[in-house]
Amino acid sequence: MPGTVIRKTVAIGILFIALAILPHFLKYHHQDFLIFLVINVLVVVSYRLVTLTGEWSLIHAVMMGVGAYGSALLSKQAGLSFWISFPLAGGIAAIVAALLCFPLFRMTQFYFLIGSFAAGEAIRLSWIHFIKPFGGTSGISAIPSPELLDIDFLEPIPYFYLVLIIVTICLFLLFRIEKSRIGLTLHAVHWKASLAESIGVNTWNYRSLAFITGSFFVGLAGALKVHYIGTVTPKQFDIGFMVFILIWVIVGGYRTFYGAILGAVVLSVLDEMFREFNELRPAIYGAILIFSILYLPAGLESLPQRLKRVFGRKDRQMERT
Amino acid sequence: MATHTQHPARRKFLKKAAAGTVAATTASVFPNIVLSANKTLTVGMNIPMTGDYAPWGLPGLYGCEIIANNINKEGGVTIGGETYDIKVASYDHGYDTEKALQGFKKLVLEDDASMIMMLGGSTVAAVLPWATRKKVLTTTLLPSDITPDSNYLVATCESHPLYNVTGVEWLARNFPDVKSAAIVTNNDAEYGLQSAATYQAAFEVAGIDVIDTHLHGFDVTDFAPIVSSVLAKNPDVFCMATSFYVTPIMEQLYHQGYKGKIISCTLDYYDEIIAKTSKEFVNGTIFQFPDFDDPKLQEAGVNFPDPAGFDAAFRKDHPNDWSAVAWEYPAILLNWLDAAKAAGSADSESVAATLKANKQEFVFGGGDWWGSQLWGLDNALVGRWPIVVIEDGKARIQEYGDVAGWLSNNKDVLVKHMKDLGLRTV
Amino acid sequence: MAILEVQNLTKKFGGLTALNDVSFKVGEGQIHGLIGPNGAGKSTMFKNIAGFYTPTRGDILFEGKSITGQTPSRISMSGIVRTFQETTLFQEMTVFENVLVGTHNRSRTNIFSAIIGLDRLIQQQARTSAMQALEFMGLEDRKHQLASELPLGSQRALAIAIALVSKPKLMLMDEPFAGMNPEETRGMMQLTRKVRESGVTIVLVEHDMKAVMGLCDQLTVLNFGTLLAGGSPEQVRNNPDVINAYLGGSHQV
Amino acid sequence: MKLSVQDLDVNYNNVAALKRISLEVSDGAFVTLIGSNGAGKSTTLRTISGLVKPSRGSIYLDDQRIDMLSADKILRLGIAHVPEGRRIFKDLSVAENLYLGAYIHQDKTQINSDLHKVYSRFPRLEERKDQHARTLSGGEQQMLSIGRSLMSRPRILLLDEPSLGLAPIIVQEIGHILREINQQGVTVILVEQNADLALQLADYGYVLETGRIAMQDKAELLANNEHVKKAYLGI
Amino acid sequence: MKSLTIIRNEHRSLGAVLFCLKHLVSEIDQGKHPDFRVFHGLLMYIDRFLDRYHHPKESDYLFPAILESNPELAPVIEELGRQHREGEQLFIRVLKALSAFEYCGPSQFSEFQQAVIDYTAFEYEHAHKEETEVLPIAEKFLSTESWKRIDAAFLDHQDPLFGDQPSGEFNKLYKEIVSIVPAPLGLGDAWKS
Amino acid sequence: MELFLQSIVNGTIQSGFFALAAVGLVLIFGVMGVVNFAHGELVMVGAYTVWFLHAQHNTPFLITIVIAISLVTVIGMLMEKFLFRPMRDDPLGGLICSIGVLFILQVAATLVGGDGPSKQVPPPFEGTMVLFDFLRIPYQRLFSIAVSIAALGLLWHFLTHTKLGWALRAVSQDREAASLQGINSNRISMIAIAVGAAMAGLAGALMAPLTNINPHMGHNVIITAFIVTIVGGVGSLSGAVIASVLYALYHTFVTTYFNGTVATISGLLIMVLVLIIRPTGIMGHRVSE
C-alpha cells in the first residue's frame, strides 16, 4: 500500500516538474496556449464535480463567465487588487449558482440539461443587453494583471507559474473533495438516488453542493483567464465553449478524475496541431469526437486498459472463472 | 445573377482550400520571392478567417496579398536604403480573444512581423496590453478601440462609424423634405451601438428627428416583425447602422412596401439585394462604400494605386468575396509603407512617431489625427469620405464628404449620443 | 408501545385509489409483516412511510410524532430506513464504500472540513462503524469487492448493512427474500432476526409465506388497497376475510 | 406448433437469472409457470419472446431454432407476448392500439374481422375505441393488452401476470377469457404469482424457484401438492 | 377429480362477487353515489348461481358420494346442508334491505350494509368449511368409481343442469356483471363521490 | 391595429418554420431518445442546397426543394445507421455524436459556399399580396406558410392514419412493447429520422430565400427548437406545434412592441418557468411511476 502511495507521489512530482519546465521549451504563442490549457483543465475538473451526481449541466461556461465578469468588475470598478478579486470571483460564481439551484434542481436529466442551458443563455444575453456595467458585446477590457513584487504577469512564463500553482491547489482541493465522504456521497446520489435518499442523503442538497462548489472553482478559472487576456466578453463563454467542455469531459472519460484532464489536454493539443488545416479543422475535430465515442465509449481514460486487454493480460479472466 | 453562374462554387472550393493552406503556412510564397535577392519585410494579419467573422477578415488578406504581390513584382519597397519584399503573415483567431493573443505573439515573435493589422473589438483589447508593452504597432478598423493607454494602436483607414455623418449631411442637403428617421442596428457595442450613436448625432445636426432606434440581437432569423414595428412609425428615412443584416432588412422593406429614403452604413453585395428585390427599389439608397471601379476614385486626391486594376484583380481571384475590408486592410498596409519609407525604418516606434508627426494622406484624401475628444487619444486618421448612391443598379460616388470638418463642429453632439447609449467616452 | 402508527392513510394517483383508509400499528422491537397480493398497495404503503410519496389523506406517526409528507432524507434522519425490492446498491462502488455512504446520517461532515481534514475523527468513527456493520452482516471479507460482484445473498446482506449502519430505529424491508433459494432464505431470516435482536424494529413486505409466517410477530394484510386483516400469523391464517380474499380469486396472501 | 426450451441460462449483469430451464409445450396446451417474485418467471417469457437473449441453451418452435431471432420476428412466427404491467400505448387510441397488434398483417378485411372479434370479446373496448388508452381503467387496459396481442393471430400466447393489481371479479373474468382463447386452439403460457388462479386454469404447471425449475406436473396435481400449497397457495 | 376443481373454481367466482358486493357497500359508506342496477345484477347472479348451479352440484352429487364412503361425516354434511338453507334466509334479508335502501333512501343504508356484511361473512365461513373439512376428505377417500360418476355428471354436456347451456349462460351473466360493476372493481364507469 | 394584424401575419409565418424544425427534433428524441444537436445544421444543409442549386445553378426552385429534402433525409438516415443506432443505450454518446456531425456539416457548408458573407437566394416567387390596403404578405412567404402547413398536415395524417405512423408513436412510447407487436424498432427509428430530417430539410429550403444563409445559421434554429420542444412537452408533437405557434407569436409581438433581445431572454425565462411549474410541458404527460 505505501509503495503505491510513494509511487503516485513521485509520479505526480515528476509530472509537476515536467510541467514547470515545459514552457521554456515551447514557442512563444504555445506558452499562451499552455496557460489556457491549464486553466481549461481546472474548468473540466470542476465540471466533472458537477456531473458527479449524474446531472449534465450546460451552464458551466456561463458560471466561468460569472467569475470572470465578477473579478473584472471588482478590479476595474472597485479597484480591488487581483489577490482579493480573484477569490471573490469564485464566491460570486458560487452565490449565483446557489440562487440558480432553486429553479434548476427541480429538474433532472434532459430537462436539467435544457433548463441549465436556458438559464445560462439568459445570463449571457443579459451581459450583452445591460451595457452598464457589463459593456455589451465588447465586454470589459483593460483588466489589470496581478501585481506581486516586481513580477511581470503580462509575460506568459510568470503567469503560467501563477496559473500552475493556483490550478494545482484547486485540483488538489477538488481531489480531496472527491475522495472524501462527500465525494463518495455525490457518487452515491448519481448511481442510486433513491437508495441514497433512503439512508438520509438529501439529494437536492448534494446536487446543489456539487453545483455550487463546481461553480466556485470554475469562477476562479474564469478570473484567471481574463486577468491574463485583459478582456472579458460574452462570446468567451457561449454555448460553443460549453460544448467543448462537454466534449472534453465525455471524450476523456468522466468516470475518473484524470479522464477529464486527459480529454481537455489531448483534444486541445490535437486541435492546435490541426491548425494548418484551417477551415477543415472543426470537421477533423468532429470526426475525432464521433470516432472516440463509437470506439472508446468509456473515454480516453479507458485506453490503457484496452491496450492491456489487447496485449493479452488474461489474469482478470482467470479470476472470473 | 450572371456573375454568380460564371463562377461555379466548386472551383472556388478547390481554390479556397488551397488558399487556406497557403495562408496557414504563413508564407505567401510567390515565385518572384524565390528569385529575388531582397530582404523580407513581414506584416502580420491577426484576423478572423473562419467562423462568423470570417467575412471581415479573409477578403482583407486576399487584398493585401494582391498589393504585396504587385509591390514585389515591381521590385519591392525601399526603406532606409534597403529594398524589401513584402510578406503577409496571417493568423486565424476566429474572433476569439485567447487565440487573438496567441496569434499576436506568434506573428510578432516567431514571424517577425513589423506591424499587425487587426479587425478590432475585444480581440484588439485582448492584445493591447502586451502590444503596448512590446511597442508593436497595431492597426484596427474600429477607432473606438483607441485608448489613451496605448500609443501603438492606430486606426488609419476605416473610421467606422464616423464617416456616417457625411451621408446624412448629403441626404439632408439634397432632400430637405426629410423630417424623421428610424435607425435599426444590432446591439453589439463595437459596431452597432457606435454606429447608431453616430447616426443619431448626424441626424440631430441635420435637423432630422430620430423617432425610433431599434436594437436587435444576432439571433434574428426574420426581420419582418422589426421592420413592421419600425415602419408603423412612418419614418421618412430608414437607416441601417451596421452591415450584418442589410440584405434581409432591405428585403423586408421592399415587401412591406416602404417608399421612403434608405440610408445605410454599407450596402455590401448590393447586386444580391437587387436580385431579391428590384433595381427600382434599391436605386437611390445612400451608403458609404464605393466599388473600386468607380470613376470618381480615379480623380486626384485619392491615395490608392490603380483602384480599378485592384478591383479587377480581386474580383478575378475572389469573385464572391468583395467587401469593404477587401480594400481597407490594403489601404492600411499602403499607408504604413508610406510612413515607414518616410521614417526610413520599419521599426514600430519610428513608424508610429512618423505617422503621428506628419499630416497623413488619407486613402480618400485629406487626413487629420482625431479621437482625443471621444477616446482620449488622437490616433484615428480622419479624412474625406465618399457618399455613395445606387444609380441604375450600380454604386456611384456622389461626392466626398468632410468627416474632420463635421467632427470639429459637432463633437459635443456625438459625445452626448455615445454617452446615452452607454459607450465609452473620455 | 407502537413505534409506528399509520392512521387512515389514503393515497390516490389521479383517479386510482392505491390505498384506501388503511390504519395499523407496529410495536417496538417486533418484526411486522405487511402482506397481500401484488398490487394490493404494500409498496405504495412503504413509499408513503419512507417519504417517497406524500399521502393524499391520513397520518403517519413515528414515535408519536407525525412524519407525514416529509422528505425521504428527513424521515431517514429521524430513524426510519428502507431497503429496496430489487437489490438496490451502489453497484459501481466497493462493499466498504457502500456502507460508508450509509454512515451519512450519523457522522455528517461539511465541505470545508473535508478539504482541510478537520473531520478526521468523524471520518475515523464512520469507518469504524462501517466496518462493524460489515462484520455484523458477515461481509468483512468482501469489503474491497465491487458490490456488483457479490452473489445475491451477500448483496441483500449488504443492502441491510447499508441501512443498519445509519443506526435506524425502524427498518422497512421490501421483499428481502425475493429470488432466494431456501438456503439463502434461511440465512436471510437468521440475519433479520439478528437485526431485530440488535434493537431495530422491522417492517417487511414479503410473498414467501413460509418466511413470513415463521419470522413475523404481527401481520397486516392489505388487499386491493384496503386493510383486510391484522394480527398474529395464526390469527391471520384463520381470518375469514383473508380466506375470502383467497377464495375471491385474488392472489394468495 | 410445439415449443421447446432446452437448458436455458440467462444472466443479468453477472447475476444468473435463469439456470438450465427446460420446458416442453405442445400444441393447444395451457401451461403455467408459477413462483415467487424474482424466481425467473418473467425472464423465461421474455427470453421466449426474444426480448432477452440467453447466454446458453436453445429454444425451438417445431424444428426452427428461434432463440437468436429478434422479438418482431418471433411474433411473426406466431408467438405473442402480453407483457407484465400491460404496456399499452397510452397516447394512442384504443383502436390504434388494436391495429398495431395486427402490425405484421397486411390483409385489411381479415384485420377488420379480427378487430370485430376482439370487440365482441371485449365490448367495453369497442365503446371506448376512440379514447386515448391512458383513460382506460386498469382492467380495461389489461383487456386491451390481451386484445392487442390477439390481433396478431398468435398460435402461442405468452401472458405475464395478467391478474396484477386487478380486482377479483376481473381476474376471474380474465381467467374465463384465457380459457376461451385456449379452447379455440391457442396455446397459452401463463406466468402468475397468483398460483391459485394459474393452477385452476392450466393443464400443466412448472414451479420456478431461484431461476430453476423446482417442480413440474399436471396442474391439478400441483394444486394438491403439499409443498406448492404451503409455498404458493397460502394454505 | 375434475369436479373438485370445478367446485373450487365456483367458490372463487362466488367469492369474487361477494368481495365486490362488500366493497361496493363500503364505498357507499364512504360517500359514493350508488347505482342500484349494479346491486340488482350482483344479487341476481348470486341467487341464480347458488340456487340453480352450485348448490345442486354439492347437495345432489358430491355430498351423497361422501356420505357413502365416509358415513362418519354425516353431521358435517348435514350442517353444510343446513347452512345452504340458512344462507338463503340471509340472502333474502339482503334483498329486502336493498329494496328498503333503494326506495326509502339513505336512512335504510345501515341495515343494508349490516345485511351484506352478515351474509358475506356467512358465505365465506361456509365455503371455508367445505374447503377445509369436506373437500380434502373427498379427495382422499372417494373411490375412483365415485369420482368418475361425479365427473361424468358435472361434465355431461347434455345435462340440462350443468351442461354447456347453463355454463354459457352463467358466463354471459358474469360478463355482464363485470361490465356494469364500477371501475376499478369491474369495467363499468366509476361511481361518483 | 394595422401593426397588430401585420404582427399576427408575421408571427404565423415564423411559426411554420419553428414547427417544421421542432417537429423533427421531437420525433427523433421521442423515438430514439437522442437529443440531436445537429438538427439546426440539417436545416442549414437544406438552405444551402437551395442556394447552391437554385441561386448558383438555376435549378427550378420546386425541384431544388425536393432535392434538399432528399439530401437532408439521406444525411439523417446515415446518422441513424452509423451513429445513433450503435449509441442506442447511451443518450449522452448520441448527443456527442450529433455535435460531431454538427461540426462536419458546418465545414462541408463552408467548403461549398466559402467563408465569405451570408448567402442570399433571390425569391422565386416575386410580388406581394396586399390585403385591405395595409396587410402585406409577400407571395414567397405565402408559399412557405402554405407548404409548411401542408407538410405538417401530411405529417399529422401520417402519424394518426397510417400503420407506420401508429408504429412510430408506439415506439416512442414503449420501445419494448412495440417490438412485441412485431414492430422493428430499428426500421421505425430510420423512418422517424427520415421524416424528422425531411421536415428540417424542408424548413431550410423554405427559409432559404427569406434569410441569411451561412454555415452557422443552425445555431439559432436549434435554440428556438429547444425552447419550443420544452414548452410543448418533450415527445409531444402536437405540443411542439402549439408551442411553435405560441412562441412565434410571443416572440414576434415582444420584438415588435419592445425589443428582440428582451423577447429572447424572456422566452428563455419562460421556458425555465415552464420546466419548473410543469416539467412535462403544456402537452406532455408525466411518465407514470
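Order as written gives the chain letters A, B, C, D, E and F; numbering starts at 1 within each chain.
Following the convention adopted for this analysis, contacts are C-beta pairs under 8 Å (C-beta built on N, C-alpha and C of every residue); 3 or more make two chains touch, one makes a residue touch a chain.
The structure presented is a predicted model; accordingly, all values stated were derived computationally and were not measured.
Touching subunit A and subunit C at once is no chain at all.
Counting steps between touching chains, the shortest path from subunit C to subunit D takes 1. Chain centres here are means of the Cα atoms, and by that rule the chain farthest away from subunit B is E. Chain nearest the geometric middle of the protein is F, using mean C-alpha positions. Chain centre most remote from that of subunit F: E (centre = mean of CA atoms).
With centres set at the average Cα position, the gap from subunit D to subunit E is 30 Å. Computed from the mean C-alpha positions, the centre of subunit B lies at a distance of 97 Å from the centre of subunit E.
Centre to centre, using the average C-alpha position, subunit B and subunit D are separated by 75 Å.
Rounded to a whole number, the gap between the C-alpha centres of subunit B and subunit C is 74 angstrom. Multi-chain contact residues of subunit B (touching two or more other chains): 16-17, 49-50, 187, 217.
Taken residue by residue, subunit F touches two or more other chains at 110-111, 115, 223, 261, 264, whereas all remaining positions touch fewer.
Multi-chain contact residues of subunit D, defined as those touching 2 or more other chains: 138, 166-169, 171-172, 196-197. Each chain pair that touches appears in this list: A-B, A-C, A-F, B-F, C-D, C-E, D-E, D-F.
Residues 1, 4-5, 8-9, 12-13, 16-17, 49-52, 54-55, 58-59, 187, 214-217, 219-222, 224-226, 228-229, 232, 245, 247-248, 251, 255-257, 268-269, 272-273, 275-276, 320-321, 323 of subunit B are the ones touching subunit F in the complex.
Listed in rising order, the residues of subunit B touching subunit A in the complex are 16-17, 20-21, 23-25, 49-50, 92, 95-98, 101-103, 105-106, 109-110, 121-122, 125-126, 128-130, 133, 147, 149, 187-190, 193, 217, 421-423.
Residue ranges on subunit F touching subunit B, taken from their complex, read 2-3, 6-7, 10-11, 13-14, 17, 52, 55-58, 110-118, 120-123, 128, 130, 136, 138, 141, 207, 209-212, 214, 216-217, 220-221, 223-224, 251-253, 255-257, 259-261, 264. Residues of subunit F touching subunit A in their complex: 35, 37, 83, 86-87, 90-93, 96-97, 99-104, 106-108, 110-111, 115, 219, 223, 226-227, 230, 234, 261-262, 264-265, 268-269, 271-272, 275-276, 279.
Contact residues of subunit D toward subunit C in the complex are 13-15, 36-40, 138, 161, 163-169, 171-172, 175, 193-197, 209-211, 230-234.
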